[in-house]
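For clarity, chains are labelled A, B, C, D, E, F and G in written order, and residue numbers in each chain start from 1.
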Amino acid sequence: MRKTFILHLVLCIGISYGLVNLLSFNFSGLEILALLIGVFLILWLSCFLYFRLYFHALKGVLSLGLYFLKELIISNFRVIYFILSPRNKFRPAILKLPLSLTSDFSITLLANLITLTPGTITLEISDDNKYLYFHTIDVPEQDLDKAKQRIKNGFEKRIMKIKA
Amino acid sequence: MLLFSVFLLFRGHNLPGGGFIGGLMAGAAFILDAFAHNVAHSLKLLRFEPVKIMATGLLLAVISGFLGLILGDGFFKGYWLDIEIPLIPKLGSPFLFDIGVYALVLGMVLKMVLPNLEND
Amino acid sequence: MILSILSVFILAFLVPLLQKLTGNKLAFLLSLAPLTIFIALLHYYLSGTNFPISESWEWNSYFNLELAVYLDGLSLLFGLLISGIGFLIYIYAGFYMKDVKYNGRFFMILTLFMGAMLGLVLADNWLSILVFWELTSITSFLLIGHNNETESARYAAWQGLLVTALGGLALLAGLVLTGIVTDEYTISNLSQHHELLTQHTLYIPILLCVAVGAFTKSAQFPFHFWLPNAMAAPTPVSAYLHSATMVKAGIYFFARFSPILGGTVEWQILLSFIGGITMVIGAVMAFKSDNIKKLLAYSTISALGIMTMAFGIGTETAVFAGTVYIIAHALYKSTLFMMAGILDKQTGTKKISEFPSMLYKKLPLAFGVVCLAALSFAGIAPFFGFVAKELLLEMVLHSPMLSAVYVAIMLIISVFFVAILFVLTHKAFTKGRLDNKVKSINKLIYIAPAITALTGLIFGLFPDVLSNLTSLASSNIFSGFETKHLALWHGFNNAFNLSLLSIMLGTGLYFISLKVNWKLNLRFLKPFQPSKIYDYLFDGLIVFGQWQTRRIQTGYLRNYAMVTLSVILILTGFTFFYKAGIRINTESLDIYIFELILGLIVLLALGFTLFTSSNISALLSLSVVGIAISIIFMEAGAPDLAITFFLIDALTITIFVLILHKLPKKMLRKKNFDRFRDGFIAVGTGLLVTLILFSLTYNPLNSKLKEFYAENSYSAAKGKNMVNVILVDFRVLDTLGEICVLAIAALGVFALVNYTKNKKID
Amino acid sequence: MGYEKIIILLPLIIPLLTAIISLFFKKNKIVNNYISIVGSSLLLLATTVFLFPLIVENEILTTQAGGWEAPFGITIVVDMFSAMMLVIASFVGLMVNIYALENIKYKKKEYSFFVFFQFLIMAVNGAFLAGDIFNLYVWFEVMLIASFVLLVLGNGKKQLIATVKYTLLSFIASAFLLVGVGMIYGISGSLNMADVAVYFQGNPNEPLMTVAAVLFMLPFAIKAALFPLYFWLPDSYHTPEISVTALFSGLLTKVGIYAMIRCFTLIFIHDVNYTHTILMVAAGFTMLSGVFGALSKVNMRRILSFHIVSQVGYMVLGLALYTPLAIAGAIFYIIQHILAKTNLFLITGVVEKIKGTSDLKGVSGLYHRFPIFSIFFLVVALSLAGLPPLSGFWAKFILIKAGFQQEVYLMIFIVLITGLLTLFSMMKIWVNAFWGKQQKEPERNLIKNEKNLFKEHWSLLMPIILMASVTLLIGLFSMPLMKYATIAAEQLMNPAQYIEAVLGDVN
Amino acid sequence: MITEITILILVFLGVLLMFIASLGLFKMPDLYTRMSAVTKAVTFKVGLIVLSASIYFNSFPVVLKSILIIFLLLLTTPVSSHLLGKEAHERKAPLWKKTIIDELKNKKKEK
Amino acid sequence: MEFLLSILVGLLFAAGVYLLLHRDFVKLVIGIVIIGNATALFIFVAGRIVRENAPFIQEDGLPPENFADPVPQALILTALVIGFGIQAFALILFKKVYDIPKVEKIDDLKK
Amino acid sequence: MSYFEISLWGALLALVVALFITLIRFMYGPTFMDRVVTFDLMTANLIGIITLYAIVSDDELLLDIALVLAMIGFFSITAFAYYIKKRINK
């Protein structure tokens, strides 16, 4: 742990030197390259330290990211609609989502993504990592399972893909 | 965040930032870590005793002042190296001072906050 | 001569060492010092030296302080008395104090005291006089309090010190004033400024200051009360204090200042009036006293009154009479006190009524010596007291003004003195309790009192011996004094008649008082007695102190803060409206709407912080305030400030939050009255600050610093961010201090948290 | 010329380095103890042997931090007044440091006692050296935070309560001081004292200057413990370890006075009639109120604390009279007061060690078994009470003389009365604690008799003896001190000299 | 010209959304709905504005900073709102009366 | 702008003073913080306000036109940091004071 | 001023007004948790304001402030959440 930390620190310093130069002075192509390497290093390092995300899963990451973006925008407008509509037509609920994911990291990721998406918030993850409780602002047609399924098929599936 | 703090430190002389802000950011990073894990964890991460960090910071600051004295130009006279190393801001005694401030503030934040987190 | 005074002091500090070497013989060894001085002075006198002799050594020119010695007739007289009687006192004390605890300390302080007294009478510089003056106060304090395990000794010593110190302060004021009027600090030169001084508007203050100083020292009304209490001192000390030293210092002062400040109506009235009152009070109280030391003490007061009056009257005769009386008094009073000590030792009591009856048979020697002194005391021929008394009666009879009053007072005094003579001889040595044994004592202790008593007799028989000395002294008091001759017999003049009358009346008074239980009911006067007033003052000051301290130092932090803030508000506000006034720069009125809204946000969040009932919400809204302010900073061209503001705010609040959950959740509200009052102070402060800022920003600011930094921060200091360049280069010292604060705060917080970590604070 | 700059800075550098080194060796018992002593001794050496003669020779020395010329960089100025203060502060610092060796528990040392101590000294020196109002403010703050920590170190209940009060009131002072600094900048566009002084004298019609003066006066008054703003002092000085109290009593309020004298002889002299009259009124009330407070107390520490207040009044009176003589008197008073008051607290500490309390009801008869020790008390106490020829007298004498010259008779009356009442309460201590019956000693008594005191507790006794000797010497040979005080006062009364030393020839 | 218009559109969109979010604070009936409806949406809205900034300045550092800001928001908001939501539920913050079901509460009851 | 800020500073001072006189420790500390902020703003206003530019030297090595005075900014920075140190200390101190038995409000601190 | 600047100022104003509205909601409460939520929104709002202001005043440096604020906002929220957690555990 210590070693990695020191490594991290040294790299951070190195990279930030680069950043400084880039941010303060005119930059040439070579330096952009240096920067890209720097960013790459940071990401890699951070992932290594905190997410244990591996690079070969980049494709999965991309797909997850795009999906997330889509969800973000859609649910955003959904929420705006709820806000602007004169009466509160939505039906919130706190739901229990059985998890197929097993690793700590992926569960955390899922929880975060759920929270990030407007309209839903993760409230708790059960101690045995089998269930995730979340609050949703609207259960379409009051169908609880459908709401759960939406997440299972959306985020969870894509996260599982990365793992694979 | 640590990274950003160092970044702030370096550019301080030309742009907003500087040792104090940088040190605070670094400290904040460790506190967040302490929130997330526990105090022991972040202390382990830090590796040095906060007091020693503080002392070093003060020492650096004073040394930067001494440069001027030793060279006969008065306390805290600013000296700058002529060489410009890429990726590094211009080296000089005020910069050394700033690093001192950075270290001190980092140590300070930790010394101040961690004991409060610790005992419950 | 300076050296001789200094050597006395040095000797004093050698006492502990000497004590180790000599043991019980210490006193006799030390007595050589006054003896030497006595002989030296006598030698000066007899060898026909031309007086005055003066010597001086500069001590501190900034204060015009010199260690100047001026030996003229007056100081010679006093010097001889101090050293001569001092010698005898040492001899006496050598026997008296033999077995007393801590006698080493005693002799050390006694020696210091003697040195100070000598210094006082020999000094010629205003300030050095004051130095010695206070030195006598403090050493006599220690001497009086020698038996400090008893309450009364402590009380007496403290009282004596406070009263004489009061006098010292008055003297100090007088000194400074004289210095300002004349710019002369040498006493012997001051008489040249007599006219300047007596016609100056500051004359009365100067006179009062000097007089009060001397009054306290020589126990004049209304400061006389400390002296009787001072008999708590060991007897040798009393004998010395009362006869030749301490109390005579005041008299010496009047003598010294007669040619400087005297000769005016004010001088005469003040001194003779106070002297007269003191005389009568002293005499009456002495007569009423049963305690022999107390009796003697009151008689001293009375005698001092006489001397004061004499120098107050200030005629040629009066001065001469006063001078002579000083010697007479010194001789008989020292004898009587020493004898009182012996009687105390031998009978075990100080109360005359408790002395064994027919004491004269058991202690014939004592009786003889007391008689010799007491007769002199009462002014009976052929003792020296008689010579003095004749001169005093002469003085009052020839006083230029108020002669009748003086005569009456003098008569009363003489009557009482005669009556006291009987108390001391008849009552003490014949009456008393039956069959009481007396302790035996080393007879050598009688040497000292016998010598003084006999000297009194010898001077009485051959008064002319002293003519030269007293005339010399008087000539220093009264300018143009012509040498007078002392004689025992002046013929049947008015003075002698008065003297006879007083003897008769006094005898009558004594015997009547024996028969009649003669109680004057003066109880209604008690509360007005000066000693009572002293006690009231003493207690009153403490009570007042307690009252004011309770009022000011309430212990309530909120009161402190309130007073502090109110003072700031009132003083600053007053200054602002009185000196500056309101002005507003209209150009500063251009405000963007969004600034206005930011302002409103601050206002609302602030109000919320102020009035919310939840602490944590208050904190949260405080962060809002902080963020809004930093946006303002940002907008006004201070990005560094904005960032720092965020960070500090966040960090403070984090720390706050970290501890908040450990604090009780209960939220206290202000009481209604407090709200109103605090609101008033708060609004006042806010308003004032706003107005000050309006006024401050009325004119544009031309800061040369700004321009300099703009020019130099990149070219010379190699930095583009001027603020940072200022912090780490231009004003780096501030930053150094700043990081010190942080370091200390961090270590302090650490110590606070961890020092009593697992302990309850109690 | 170069080495002079170094010497001027030594009073800052030595304590700072000492503090840093002891930070590194916090846990090491020996280093912890002695590094601080070494530092303090070096400081004393530096100020007395190197700095002071330099000032005697050159009158006013300046240096610019960072080498930036005067109004732009921070100026460090040493004139006679500050040199004297530096010398006395370092002397007192060393004395208290020696005393603290035994007086302070090891645990407190482990919690960086000496670090705070050295920082405090550094800040005090910084304040004496500052030639820049904001820099002065900074040193004030360093001093404050160090004093907070020293006050509370150990977390006693009383200490905590005292520190809360002290902290809040000091905070108010600092806040308004900062407002004052802001005003000065807003008016003159400068922070350098000399530069500001030039501006103020050049623009006498600026109406806000007096307001700024008052805004400066009040915080200084709080820090100097002037009536009616002295609450914090008597409520806090009896709580911490005696070394801390002694150090505070010697230095803290004096820094307030120093700053006040500096500012009100250099900068705010445009409206002397107004500002100095306020000061005089405050001085009068302070003297009386403080001494009456002392009368009401029966605890040595509390009595002494109230006397600080009262005697601060004398010093401010000297400033308020505003003549060279009066200011010389004030300076003389400050110096002798620092020595005497610190020493009295140190003596009180020994009394506490013998008897376990400094309450007069529980102490009596010390003179019997500790005669020499008692005499030290007596000498110092009488000096404080202003008995000639001890040092306190000369100070009082000068003030009275200056007062008569200015014809402020009421003030002189107050001075005299205060002097008497001071003697009163000093003797109250003497009569009650040193005289009287000997009592049984408490079980925990650590000092059995005087021999024991001299042999085994030399680190407690040595500072007392040294300081008492200096007090005595100042009294008997007042010439040198008076000479320097006069020089200092003349420099202060002649701001042009200061301004020229800092800014060069302005006109 | 086109950049300016793009910027304006982005900015207005962001501001509009932000404004609506503020309104939503009043509209939403309980804490959870407020949280999910409003607060979480900020990433998107701020993102829009920040994006416009990077277009406006058109320099690499700004782009980098923008990315950093967005990245930070992405990283931090879920953590904090997760914490908040959890605590809120444990403190039994009231649910809107029309909430269908609270399965978390049921779970706790089971215990 | 100066006008508005002057009023704001006054408001801050008023609020701070009001809280300093409070019986509750927490409010007292908040008062300290507010006064600290108020003094910072005071200096800022006293140094006059320039809305236009931050005091940075531009690429060409010259200061921008009409830039803000850096001096008050530097002063405020120092003062703020110092204030932070003192505030932090005061905070912990007050917390410790609560540990004293029977101390719950400021008025309990008598003696 | 160009239409561009005017409209940006307008947007800025709108954001500030939004901030103001949020503040009112903040004050309304009623629980502390609600306030934290609104505080979160305010922080975001301020980031927006700063960014916009950076555009308006053509000063890219101001984005740094936004960056710091983004971090610090998170920091504060965490601290407050910590508080809530501790309070519950009590």
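The rule is short, and it goes like this: a residue touches a chain if its C-beta (ideal position, glycine included) is under 8 Å from a C-beta of that chain, and two chains touch if they have at least 3 such contacts.
Quick caveat, the model's predicted, so the values are computed rather than measured.
Student: Please tell me whether B-G or C-F has the greater number of C-beta pairs in contact.
Tutor: So, comparing the two chain pairs, more contacts are at C-F.
Student: Average the C-alpha coordinates of each chain, average all protein C-alpha coordinates together, and give the chain whose average is closest to the overall one.
Tutor: The most central chain here turns out to be D.
Student: What chain is the most remote from chain C, judged by the mean position of CA atoms in each chain?
Tutor: Farthest by centroid: A.
Student: When the centre of a chain is set as the mean of its C-alpha atoms, what distance in Å lies between chain E and chain F?
Tutor: Distance between chain centres: 31 Å.
Student: What whole-number Å value describes the gap between the mean CA coordinates of chain C and chain E?
Tutor: Inter-chain centre distance comes to 80 Å.
Student: Rounded to a whole Å, what is the gap between the Cα centroids of chain B and chain E?
Tutor: The mean C-alpha positions of chain B and chain E differ by 34 Å.
Student: Between chain F and chain G, what's the gap in Å when you average each chain's C-alpha atoms?
Tutor: 21
Student: Residues touching two or more other chains, restricted to chain E: which are they?
Tutor: In chain E, residues 21, 23, 35, 38, 43, 61, 68, 77, 79, 81 touch at least two other chains, as defined above.
Student: Give me the residue numbers in chain D that touch at least two other chains, ranges are fine.
Tutor: Counting only residues that touch two or more other chains, chain D contributes 16, 23, 65-66, 76, 134, 138, 141, 145, 148-149, 152, 155, 157, 160, 164-165, 168, 172, 179, 183, 185-186, 191.
Student: Send over the residues of chain B in touch with two or more other chains.
Tutor: In chain B, the residues touching two or more other chains are 4, 14-17, 20-21, 25, 28, 31, 51, 54, 58, 62, 65, 75-76, 78, 108, 112, 116, 120.
Student: For a test of understanding, state which residues of chain F touch chain B in their complex under the given definition.
Tutor: 54, 56-57, 77, 81, 85, 88, 92
Student: Could you pull out which chain C residues touch chain B in their complex?
Tutor: 639-640, 643-644, 647-648, 650-651, 654-655, 658-659, 662, 716-721, 723-725, 727-729, 732-733, 735-736, 739-740, 742-743, 745-747, 749-750, 753-754, 757
Student: Residues of chain G touching chain E in their complex?
Tutor: Listed in rising order, the residues of chain G that touch chain E are 4, 7-8, 11, 14-15, 17-19, 21-22, 25, 31, 33-34, 36-38, 40-41, 44-45, 47-48, 51-52, 54-55, 60, 63-64, 66-67, 70-71, 73-74, 77-78, 81, 84-85, 88.
Student: Of all residues in chain E, which touch chain A in the complex?
Tutor: Residues 17, 20-21, 23-24, 27-30, 32-33, 35-38, 40-41, 43-44, 60-61, 64, 74, 77-79, 81-82, 85-86, 89, 95-96, 98-107 of chain E touch chain A in their complex.
Student: In their complex, what parts of chain F are in touch with chain C?
Tutor: Residues 1-27, 29-30, 33-34, 37-38, 40-42, 44-58, 61, 63, 67-71, 73-78, 80-89, 91-93, 95-96, 98-101, 104-107, 109-111 of chain F touch chain C in their complex.
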